[in-house]
Every structure is written in structure tokens, then in C-alpha cells.
Amino acid sequence: MENINNSIAVLVRKLNPITKLLIVFCLGIGCLIYPLPFVGYGVLCLLVILGILIGQGKQVLKLIVGFGIPVTLMLLFIQGLYSPNNKTMIADFGFAQMGLEGTMYALKISSTLLIFLAAFYLMLQTTKNSETVAALTQSGLNMKLGYLILASLNVVPQMQRKVKVIQEAQESRGVETSGSFIQRTKAFLPLIGPVVLSSLTDAQERGMTLETRGFGISGDKPTSYIKVETTGLDIVLRMIAICFLISSLLPRIL
Amino acid sequence: MKIEIKNLKHKYPSGGEALRGINTTFEGSNPVAIIGQNGAGKTTFAKHLNGLLRPTEGQILIDGESISDHTTAYWSKYIGYVFQNPDNQLFLETVRKEFEFGPKQQGLSRHEINDRIEFISDLVGLKHRLSTHPFDLNATEKKFCTIGSILMMDPKIIILDEPTCGQDVEGNQRLAKIINYLKNNDRLCITITHDMKFVVRNFDQIIVMSKGEILKSGNKYNVFSDVKTLLESHVAPPPITRVGQALRLKDISFSKEEFIDHFTRRIHQS
Amino acid sequence: MTSTLIQVNHFSYRYNQETEVALKNVHFEVASGEFVAIIGANGSGKSTLCNALVGLIPNYFVGFSEGSIIVDEKDTAAVSVGELSQTIGLVFQNPFNQLSYTADTVAEELAFGLGNRGVPREQMFSKIKEIAELIQIDELLDKNPLELSGGQVQRVALASAIILEPKILVLDECTTQLDPIGSRQIMNIIKKLNENGITIVMVDHDMERVAKLADKVYVIQHGTIVLGGTPEEVFCSPHLAEFSVNPPDYYEITKKFIKPGYSERDFALTESQAISLLQEVILYEDRNQKPQA
Amino acid sequence: MRQSFFRRFLQTQFSTKALVLIPIAVGINLIGGTLSSTLKLPLFLDMIGTVLIACLAGPWVAALCGLATNLFLSIVTNPVFLPFSIVSVLCGLVTGYLVKAGFFKNKLGVVITWLACTLTNAISAAFITIFIYGGATGINSSSLFTAALIATTKEIMLSVFSTSILENLIDKGIVFLIAYWLVKKIPRRFSSQYAPLDKDYLLKGRKGS
């Protein structure tokens, strides 16, 4: 998490993670429900602006360009040219015709995807995972599920470090990890084998640690060191997010 | 085999200097111990000796050939490296298969492999455990399983990283036996260890490292009588030696026998 | 101060699907405030015994047990490990397997056990501060536990056990993976904890250290306690070598020179004892030989 | 009532011992992928951990492991992976129940599990690709292949499904080969901790010994 300390970044960072989750959800679903794709691109622009304001502009744009453009092109190709719903043709490429319905559908899907992507990215950049999990457990998520999310996030990098050491150990035993295709294929088992076996024993010991620290004892309601507050701003933002979702439903109902 | 290390320097990608100009030569079969505090660069240095790490500056020559010319897997035929944690290399379901693994990579014949297993399993004390799963072995046996699997490749030089950690009495005795075997069979054993008792019992040459440099190199008498080096490298002499030094005995003693001898002389001279 | 805290009653254990028993008829007691050392060869059942003391056997591991272990009047088979952790804590060899993997900072790591217990957030701060000072990790509190050195993580593990305020601490080779400086720091803390009244049960291979610190020593071989008593009793036993245990080097070098009349003791088990005893020998010999010279 | 049923379900299925396996199984899933990319092998191999955990701790733990893997991927790399959690969960369940029924004991059983898992994966992944993503989730070899198929057959559904099944047959085949090989390597000392208790008494030793 980069430490850009302008007032907006601080404000966003201070928001309750649940508020942020709700906003991500409402924006994404709202744009999906709304019949036309343009609202989605509008929201996307707002997200980019927010990204720039909190010092993440470059990364958000990179995400949109690197992932968004290829996906949009691919979807335009698949849906625009070959969607069974195509009735109004807007262009002719010779080998296929481009349909308005499919094109609109492709644009909507891609905008929704990008909104989820950008909003989720911004949320992750401004929230500690432990805070999100603490907020979720405080509003009723099972302790064990909370543990799973955090432990997975922390254990995996540790295991990746272990793979490096194992690679060294096996190279020292004559395993060639950078030779021909056959040599590289042969190296897979000596590398993954120790990872799996030693991780299993590690897991057993970690279980011992959890047990002796009273993890999951019944009776007491668990408490958390991390404090998650719900401020007035949180409530206002939550209301706005829900209003957005409802208003996107209106054109469908009316 | 001869390893020449010329002005070896190593910088981490983060910028920290791990090794700051090491010059030394390993030759012959007198076992060498590398000692020093954690973070002194012992393991970083050792990992250069079989090509796992590449020098940032300087060079390492093995019988005149630069180590950077080949991969670690190539050098593994000549230089064996036993890692500190056995769990990082064991992955087959029996000790026998672990032993066969290295020689099979080298393409040795079935017959030759079996002969070696016979001999090596006896040397490392796992003859009766060949069909056991390595993860069902106790800590001592597991360590010897990894040492055995490297010895099976019959390298000319073998590097042991912290072989004494977590060992019991029997394990230490067996390690001594293996080091002695290597010495008598013209194999060079380079060992990183914190256990000074073990060092003075088994090693002819000691290298003291501190802050990425070799502070002192010599036999145990030179090293453990050099108070300045010991202070600077935070190395404490073995218990017996400390008692001898506290009593101001004239000669430095490393074993119970030596101490008894020196102390007897002390009380009779007076 | 002499009340019995741990009572192991003819305890035997076999892991599921194993052919050999791991513990066989183990029977001993630990008094409150004692420092107990358990020694023996690798694979003799020391770790299994530690796991049994903290209730991981039979509550976490699958297997068969006979006999019982009573810790502070609680039968380990009848209560959960979590409940027992208020009475007895465990620190074992590999520091990195003793982290919860849910914490971004050492402070959160320490709070993990408190949180499971339902300790209110306000009380956590003072406890964390107190324990961090005791274990000398106050400067680490804001650091990520996964980025610390092994020695530091082991101290964090020790602190996470202590913060639950157990009466007993079980240490299963908790310094083997550390360098001499790291293990010395840990041992100093453990000594201090013992002085503060915490009962210690420690598995160790370093006989010099055992002799220096322990009040009672038990030798275990093939899952059975074969020898037990004060360090003096155990290390002087003629059978010691049969159990693959050597006495501290100080024992033999002093035993050799002590003749009746030199001193009240006739052997030493620690460095300071050895030095002072042998100094007495030198003095005695000097005095006796001077007239003749 | 439902709350308490859910609680009880969690208690029985997810003991601490089973729970701690999940993060490392997630790790194994991901490391399978990273290893094959560092070794420059053209595979994903991202289900090895799920299969292993299905063998050790049953279908529901495996399903949760699948969910956690996708959650991890969406948090760390790209949220696109999130909807595919359903695929991982279904695969975990299918593998877990087949293993539970004894299919992993012989080679034929492994082949059946492999085919069942491939089918589950291909169908569910194709559904998600089509109904959530409209046919493609980015530009890579498989989506280009899909595009080519669509251009020739003009059938989106069929094309996405055939790509998915082809990709999965090979990839899951290798995953199951590796997992089967690894399962046999898991030491008894460990696997017996997840197996039902044997029936003999403590000091009498085991049958036949």
C-alpha cells in the first residue's frame, strides 16, 4: 500500500471496508442492470479520477489499458459479430456482419468488468486485508472463514519463498531447472514434492499453534485488536450506493 | 580438487553487501569449519562454492575453471551441498529412493548404485531404515538421510550447512565418523556450524567470518587463542576451553583429555 | 510453593496406525515453580510428551492413550486445548510455524490469543505492552512478523504463549533453530520467567545448559522415563551412558581432580562451579607443595 | 435452526486440523501454476492442492479450498477470477466425493475422477465465460482459439465449451497424474492423522504385527 497522504486518500483509507465493498458491489451490479453501456463508462471515468486523486491514477489506467482493451476487443469480436441476438446490422466486414445488439452487449459486459476491476483494485489499495476481515467478522462472518482468507494471503508468499530454497537444494542434487523442455518437465516433481510434503508438516504444526492459542474455542465471543468504525460518512456513502443500484433498476421496471 | 576464491564480493539485489572481498583457497582433504554469527555471510559464501549464487565481483575457480561457466546441477557431480533443513529436499517415499535419486540423475548403472547404497547407508547409519518413509524418520535420521543422498553422488567436495543443529549425542558421533571418512578418502568437507565443541573435535582448519569478511583463518589453536578475533566475531570458545582460560592454564585445551593433562601439569609444576 | 501442578499418571500413547507406542507408562510429577528438563535421544518421545502435557494429545492428534495427565487439577482429556492454554503454554522448535498467519504486525499477533478468548480490545493494549517489555520485543510491535529473523519470531512465539498468563510453559527444543546469541536471549528470558514463578518444562540437548538451569531432570528413552531426579543425581548416575546422554564436560574434568578434603562438593556441573572448584584445587596443591619445595 | 445446522456443519467438517490445510493447499494450487511458468511449461496445473486436500480431508474442505484459491487470485492478481470460484468449488466437491467413494485407490478410479472433474470444470467454466463474460476473459491462447472456433462454426456456446474441454482434459490430466503420485508420497505419520482410527488397542500393536 503506497503512502500518499493527501486528504482524500486518508479519507478513503479510513472508510469502513464494508462501505467500500458495498460501493464496489452496487456500482458493478448497477451498471450491469442499466440497459445502456454508457453509464458504465461514465462511472469508470469517475473511478479513474478518484484513482488519480488518491495517487493511484497510473496503476488504474494501466489496468484498464492492459486488461480492458484486449477484453473489449475480444468481446466485440465474439458478441458483435456472432451474437445470436444480432438483428440490426451496423457494419459489414465481409466475413461477418456487426450487429448493434451484440455490440451493445459486449460494451456493457466490458464496462461492468472494468468497473469491478478498477473499483476492487482501488479498494484493495486503500484497505488492509486484516481490516476487511475484521469488519466482516464483526458483522457476523464466521471466524474460521476470516482466518482462511488472511492465512491464505500470508502463507502463500511464505511458500513461494520456500520454493526458491527447494529449487536451490534440488539443483545441488543435480536437478537441471533451466535446460531443455524434457529436463524442465522432469524438474517439476522434485520441486513440487518437497513443497507439498514439508508444507503438510508445517500445517500440522500451525494447527498446534492455533489450538494452543485458543482458536475456535466455544463460549466466548472473539474480539479483535483491529478497530473498525462506522462513521456518518460511511452511512451516507452506503445510502448513495444503494440509491444508485435502485435507480439503475428504474428504467427496467418502467 | 582445488577451489580458488579471488576477491569474491556479493551484493543483494536490495543493495546490501553480503560478502566484501573474500580471498581463500580450498585444497586437500583436511576438513574446514566456517564459523561466525548469523548474518556474517557464512551461508551466502558457501552457496557460491557450488554456483547457487553468482559473484557480483571477483571469481571462483574450480581446478582452474570458472564456476560461472556451468550450472549448479553440473557442479553437483563434484561439489555436494547439504542444506540445513532436510524438508527442503526430501520428496520420495523411501530412504532408498532418496539415495538413488542423485546417482540416477548422473546416469550411474544399477549395479554401481546398489553398491553405493550398501556402503553409504551403513556410513550414515540408515541401513535398517532403507524402506522407511523419510518423513517418518526422527530428526537425527532425517538429517543423515539428506547427507547420505548427497554422499551417494560421491562428490569430491561436500558442504554441510549446520549439520549439528538439533542433533543428539549419537548424531554428533556419527557426523564425526562421516567427516573422518571423508578426510581419509581424499574428500574435502566444508562445514558451517555454531557448535564449537564439534568444531574443535573434528576440524583442522577454521575460518572465522564476520560482516561478510574472513576475519581469521587457521587451526583451532590459532583461532581460539586470538581474543580479539573472538570478541569481534562474537564466537565463544567451547566450555572446556573457557574453563582452562579462566584458570589461566598455560596451554589451551580443547578436549577433556587435554584439559586433564594440562591441569595435572599445572598442579604438579607448582 | 510445593503444590503439584502437573501429574502424569502411567501415561501411554500410540499414534493412529503406528506399530510402536510413542510413550509407555510415563509417570512423574512437576511441582509449582519448578524448572524441569527432559533429555534423551531424538525419537525417544520427548515431543510427544510435550504435546501430551498441553493437551494436544489426545485432543488434536489422533491415537490411543492410557492413563491420564492432570494439569492444575484439570484432566487434559476432558478439556479442550484452548481452555488448557490458560494454564499451560507451548513453544516449539520452528519459529515460523508458531505464527497465526493472520496478523500484519507483532502487536496483532500477540492479540490473536487474547481475541480468541474474548478479551475486550481496551485491555489488550496494556497486556501487550506489559508482555512486550518483559520479552524485550517492544521495538518490534509494529513490524510484520513474517519479516523478522528466526530469533525474533521465536521471542514473539514465546510472548504469544505468555500473554495468555499460563502457570506452566512447555518448551520443546525452542532454541535449536537459533544461533548462539538468539538462544542465549531466549534462555535469559525463560530464566526470568521461572524466577517470576512460572513453572518450566524444557526439552533440550545442551547438557551444560540443563545442568545450569534445571531443578529436576528426566531422561527419556524409547518412550519411557528411565532416570529422574536433581541434575546432580541424574548426571552422577552410572547408567547415564546407556541412555545416550553425556553429562556436562565440567563433570568429568572436576571429578578427576577432586580428592576428599578439597571442598564440600566433589564435582561440578556448571562453568562457574567448575572454575571455583578447580581454583580451590590449585590453591590446595600450591599450599601442600610449598613446604616441600 | 438453519444457523445451528450451519454451525454444526462447520464444527464437524472444519476442524482446526483440516482448516490449516486449506491455506497450504491454496499455496500448492498457485505454486503449481508459478512452477509451470518458471519452468516454462505450457500448463496451469492450478488444482493439485485441491485434489490433495480432497484426499486428506474430504469434499467440503476441498470445496472451501477452491473458493479460497479463487478469492486469493482475485485479491492478488485480478478480480476476474472471482466468479470462477463456483468452478473450483464444484471441482473440489466432485473430486472429494469420488475420492470418498474409493475412486482414488486404483488407476481406473483416478481416470474416472479425472474425467468427471474435467467435465464439471469445462461445463461450469463455459457457462460462466458465456453468461457472465460474454465469451472471453482476456486475450490468451485459449480465447484466441475460441474466437477462431466461433468464426468458423458461428456457435458461441459450442466454441467456448469445446475450448474449455480441450484445455481441461490435458491440464487436469496432468494435475491428476501429479496429485496421484504425490498422494502416494504422503507419509503415513501424517495421513493417519486424517484417517479414521484403527480398531486395535493401545499396547497390543496393530493387526499382523
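Going by the order they are written in, the chains are A, B, C and D; count residues from 1 in each one.
Keep in mind that, in the parts below, a contact is a pair of C-beta atoms (placed from the backbone, for glycine too) under 8 Å apart; a residue touches a chain by one contact, two chains touch by 3 or more.
Per UniProt, the chains are A = Cobalt ABC transporter; B = ABC transporter; C = Cobalt ABC transporter ATP-binding protein; D = Histidine kinase.
The model shown is predicted, which means the values in this text are computed figures rather than measured ones.
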Touching both subunit B (ABC transporter) and subunit D (Histidine kinase) (chains): A, C
Farthest chain (mean CA position) relative to subunit B (ABC transporter): A
Top chain pair, ranked by number of contacting C-beta pairs: A-D
Separation of mean Cα positions, subunit D (Histidine kinase) and subunit A (Cobalt ABC transporter) [Å, integer]: 20
Centroid distance [mean C-alpha coordinates] between subunit C and subunit A (Cobalt ABC transporter), Å: 46
Centroid spacing, where centroids are CA-atom means, of subunit B (ABC transporter) and subunit C in whole angstrom: 29
Sequence positions of subunit B (ABC transporter) contacting 2 or more other chains: 91-92, 135
Touching two or more other chains - residues of subunit A (Cobalt ABC transporter): 147, 151, 154-155, 158, 177, 189, 193, 196-197, 201-202, 206-207, 210-211, 215-216
Touching two or more other chains - residue numbers and ranges from subunit D (Histidine kinase): 16-17, 23, 185, 187-190, 193
Arrangement of touching chains [line / ring / star / complete / other]: complete
Subunit D (Histidine kinase) to subunit C touching residues, read off their complex: 16-17, 23, 188-189, 192-195, 197-198, 201-203, 205-206, 209
Touch list for subunit C against partner subunit D (Histidine kinase), complex: 12-21, 24, 60-66, 101
Parts of subunit B (ABC transporter) lying in touch with subunit D (Histidine kinase), wherever the complex brings them together: 91-93, 133-136
Subunit C residues within the subunit A (Cobalt ABC transporter) interface of the complex: 51, 54, 56, 59-60, 80-83, 85-86, 89-90, 92, 94, 96-104, 107-108, 111-121, 124, 146, 157, 160-161, 164
Residues of subunit B (ABC transporter) defined as touching subunit A (Cobalt ABC transporter) within the complex: 47, 50, 52, 71-73, 76-77, 80-81, 83, 85, 87-92, 101-102, 105-106, 135, 149-150, 153
